[in-house]
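Dropping the structures in below, format is structure tokens.
The same chain A turns up in both complexes below, where it pairs with chain B and then with chain C.
Take a look at the complex of A and B:
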């Protein structure tokens, strides 16, 4: 103790192979493959049909986008319950623009949709960052407020597929080498966000803020700026989710996106994001969202009425946090044992 | 300190930071909310047609009774710094258990007991995961929210149980002896008084506040943190499932989607009533007043013909407004207190 402080090299005690085996992502991939395999054996058309394969890959895209944003917010020790309402407003605005501004180019609508989402996220972020009010409360308020604006604006109307330009509708069904274009777009977004969160300074700062806000502030990180960043990103991703929704379903009313707030939290938690912030990977979240979305399409095929779907989601949320807790306890136990051995 | 001792006049001048009683009472969140309710009712009576009728109050209380009942134990949970988002699903689950067992020939009372015990077990499950296993309650109760809503919907499917005995249904929605208050008001009042005494006048209740301020400090001063939380989660499950039985009878309808989304309304009412979501601060009266304010706003808007469209905007705006005001007021009073203590330190 009195001599020079010599830190032992960080030893996780596992080989590369062990690390791979124990990663959450691998577990999820195995689960997804098993789920798809079992479902396909029971009902071959689940995978081997024209629409089946496409649906399997296309349907999780919306949840993946929203879950990414949710995960970034949760990593900073916040939560965003307003994502479903943001998605609804962005979906309807985009459809409305197509209907009411003849000849508007698709990229312009896409940009406006994402910007609206980012703006609504900015409002969340400003309220959370500057008022020091818990995000749970603020986004609960904006969950209602944004949904209310949507109900007031949309009323009983709904988006008709005739509003949309044919190219945009085609985007929903377009495939490259059998893979839906939407999934390719979402995969690119996942890669970008994942790369940003793992390799860029600004991404690591978000983890730092979430794992220890006091230390991050002492280190010189701006809590306000980072919180704003997280909420704006979440809003923008929800906006993009709204655009994807529009291209898949070519319709939408004031109820679009209800319940996404909890489903996205579930996807993040199942994907390995700790609800207390500071940890979790974007890859895990994307796989978690893919897994949950695949469950809901596989259940009816497996003979479970789709009504039970939500309870399965619940089982996986509780299971995932329990698993995380057990792994954590196991790690601390091993660390203690090692400490004694030293 | 010695300076203060030598000059008692200065000490008296600067050390009494306490405000006069009337200002302390007036500046409380509960008072503000109650004033807002009174103001709203006066304005509504004067301007909204058909508002000044007993029937208005009857339906207002009937509509908001489930929220008002469920928020009572959840308030205590939030004061300990935890949260219970599963109450809406427990309501639905208990409604389905109640309906299914009644339809299977179980006597009404036994069916109700079964449903309530079921809710208590869900509360126990939540509580064990939070206290024994040590999981964050937000994640646990989002999980059980999905889990038990799914089971409720899955058990009954698209069916509904609606053939409850007429006389029971009539009793549940009847007013108390000519007053404009429904029977459930008694239940709400009894529960509020019981929980208010528990929270504000017993060692258990002081433990609840202590846990919210600092669980470690509470544990060191002898509060049994885990036991307290576990009891509160069980109580929340029991009250939510009892509310489920009541809700089923009020609408004579047991379906899996009963109480969908109520958890957010409950939390909204509690936070609107001045209970800190960080824990440690708040009163039961405030939470109840928050629930009544939302109910009164809903009723006014509905009667004014503005329709249910605006209700969610108003709910959301009221919630954000209340936390904004609390945050600004908090920072102003901190600044003033800071100045006062600076003066005292200088003296």
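Take a look at the complex of A and C:
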């Protein structure tokens, strides 16, 4: 006996969900524009000066790269606190190569810098995946261990701009149609990573793992492999961040990158990545990093006492988390209502 | 008539350490049929499912899929061979959309290397419509009802071309209408030629839905029956069929006055209108299936959870709601089911654990020292024969049986008038089991009133002075020690009460 039930057509919730999901990106863009506008009105040289516009677009690039890697790690329910130390080692190694291997081609140095980052990320990943120790503890350890290696190796020395080939130094200031080349490079990286995370199975698996690790294991996804992938990517992006740092500042000592570990977490959270993993977009993270970097360059221009600057960044982080919580509760409520209606 | 079954297990065994979970399991599933596997808790059904699903590997025996011997290393291989398991609590990814949940790991791509979301959406819609349960493919899986989550899981099974679909107690968390819907889907799948294994405790469902019934007991195969040719009584006999006489002799104790009086205890949606008394020297057992609400009632009595109405009295004094400390002051003790998580401080020593509930009494000027703890700890460890060479041995180093004795010791040290023991012998070897039973019996002999929760029928029948059967949050039957038989207790636990005896 088969009775065909006539069921009402279901309306797709895309409009509702689409709005919520995109609200974060739209909101951040609005915030960034407002911040730049207000700052410029108060202090026109912020935007309309020789280097002002370039600085505005160039300065966030490092944080964007690091935050992307951090976000990927957080999406898998982990955290990578060693990114700042990795950046330092990669920056110095790249500078050292230019100084000590005469005539070394720039692409070779770039590849080596990224590989070193990936290798340090691999160590993190192996420790987390095989020792089953929470990544918070492991990467807290490697944060100090990598920094210690940097201090041992670099000591009181620092990279001098004379070490670098002129072409590499030019990369930091080069512009195409007024847009810094570095931003273009980073934008391409963002697009690639974003495409990978939203449109490739390997990227979706990372979301699945963070969303429900037990289900992922039952499903036959390899937690180890995915964890390794995430940490290697994070390390590689920190390595690339180091190269960008080198081209912007043409210097670097054993303290470079200190503080990026938490700034990148902040950028990911402000960008909409849930700290418990499983959700958040790469576009949001890139905008979150851009926003935070812009705040820290705008606040001094606005005359906000430096004592207050960190507090203001903190307010945005807490605000972002509260916003997520409210959106989440609202979403759960709506989902429940819908579930009942069916 | 010889034919090759879709899936066949012969003499499969599986042990975890010294504990044998499956002894000799047989099963033959035909295509186009629904095959029920039933048995008491601990009969080995779940282990069997996990072996078929590739989560565990069997130690011995044959496992044939369409006549070919298979040996799955992981769930992935089982899935690739067309076996799909739907667990009681479905395992979806809450942050991903319904459509993506269906396609995890095999999302289609467009020509340009993007996910083909339109196709996933379309196929998800088609599948859920075919199952008669349209679910919005774009919504997050978070917040879906359990029933809808199961539908998503079933849709996933179909879309990967599963030939064998195993449902592990799928109806436990469903409402009546949802059960009907699920049964409709199961029949539809059967008619499409798939083989279904259906695991359930509920006889009415099993008899209404399944073509073949395999009964398991204590990890081994008992019998396979055609549903049409068998009665419920016959199945119950197969499930419990063993002698329980004198396995756990409770010594006769003098039954005195009522110690615990529970009246009309109700927690909306959890249990309802529960009334009973336990007298000193008496062991009252809660029998019933896992999930019937027995532990929940016990937790409410002790005050770990709240309740909406009703009252609990100890020796005539009213016990405050949601206040375990007050319950303890009145002489109540509670040995929880999960001793690792709720009963012991696993990284603390034996001594600390035993004296944990009486520290305030032992402390002098609010300060507790090892010297103050020791006499009491030594006394109880000796009386319970906790096998450990030192009182500072960490609790996690002890065997399950010794851990259980430790938890008991902790509560006995408080010298309770009334003690709740929830599944006191789960995961304990046979020898220690008898010791735990002897202890409980001795306690009753000393005038303590005991409420024991157990899912093992022999234990219930051996220990209880009175058996109260709990089913779906209500006490549905009461048997005296003399009147209780495996058959009537099992019947009451699996059937809605139809006639008032």
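Operating definition for what follows: the second predicted complex is superposed on the first by the 310 of 342 C-alpha atoms of A that agree within 3 Å, B and C clash if a C-alpha of one lies under 4 Å from a C-alpha of the other, contacts with A are read in each partner's own complex, and residues count from 1 in each chain.
We take it that contacts are C-beta pairs under 8 Å (C-beta built on N, C-alpha and C of every residue); 3 or more make two chains touch, one makes a residue touch a chain.
In this text, all values refer to a predicted model and were calculated from it rather than measured experimentally.
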- Is A:136 touching the first partner chain B, the second partner chain C, both, or neither of them? first
- Touching partner for A:207 - first (chain B), second (chain C), both, neither: second
- Once the shared chain is lined up, is A:275 touching chain B (first), chain C (second), both, or neither of them? first
- Interface residues of chain A shared between complexes with chain B and chain C: none
- Query: What does chain C use to touch chain A in their complex?
  - Reply: 55, 74-76, 79, 87, 91-96, 100, 104-107, 109, 113-115, 121, 125, 129, 132-140, 142-145, 148, 188
- How about chain B: which of its residues touch chain A in the complex? 83, 129, 133-136, 138-140, 142-151, 153-154, 157-158, 256, 264, 267-268, 271, 277-278, 309-317, 319-320, 323-324, 326-328
- State the interface residues of chain A toward chain C in the complex, per the touch definition above. 2, 5, 7, 9-14, 17, 195, 198-201, 204-205, 207-208, 210-212, 214-216, 218-221, 274, 278-279, 331-332, 334-336, 338-339, 342
- Message: Can you tell me which positions in chain A touch chain B when the two form their complex?
- Response: 79, 81, 127, 131-134, 136-138, 140-149, 151-152, 155, 262, 265-266, 269, 275-276, 305, 307-315, 317-318, 321-322, 325
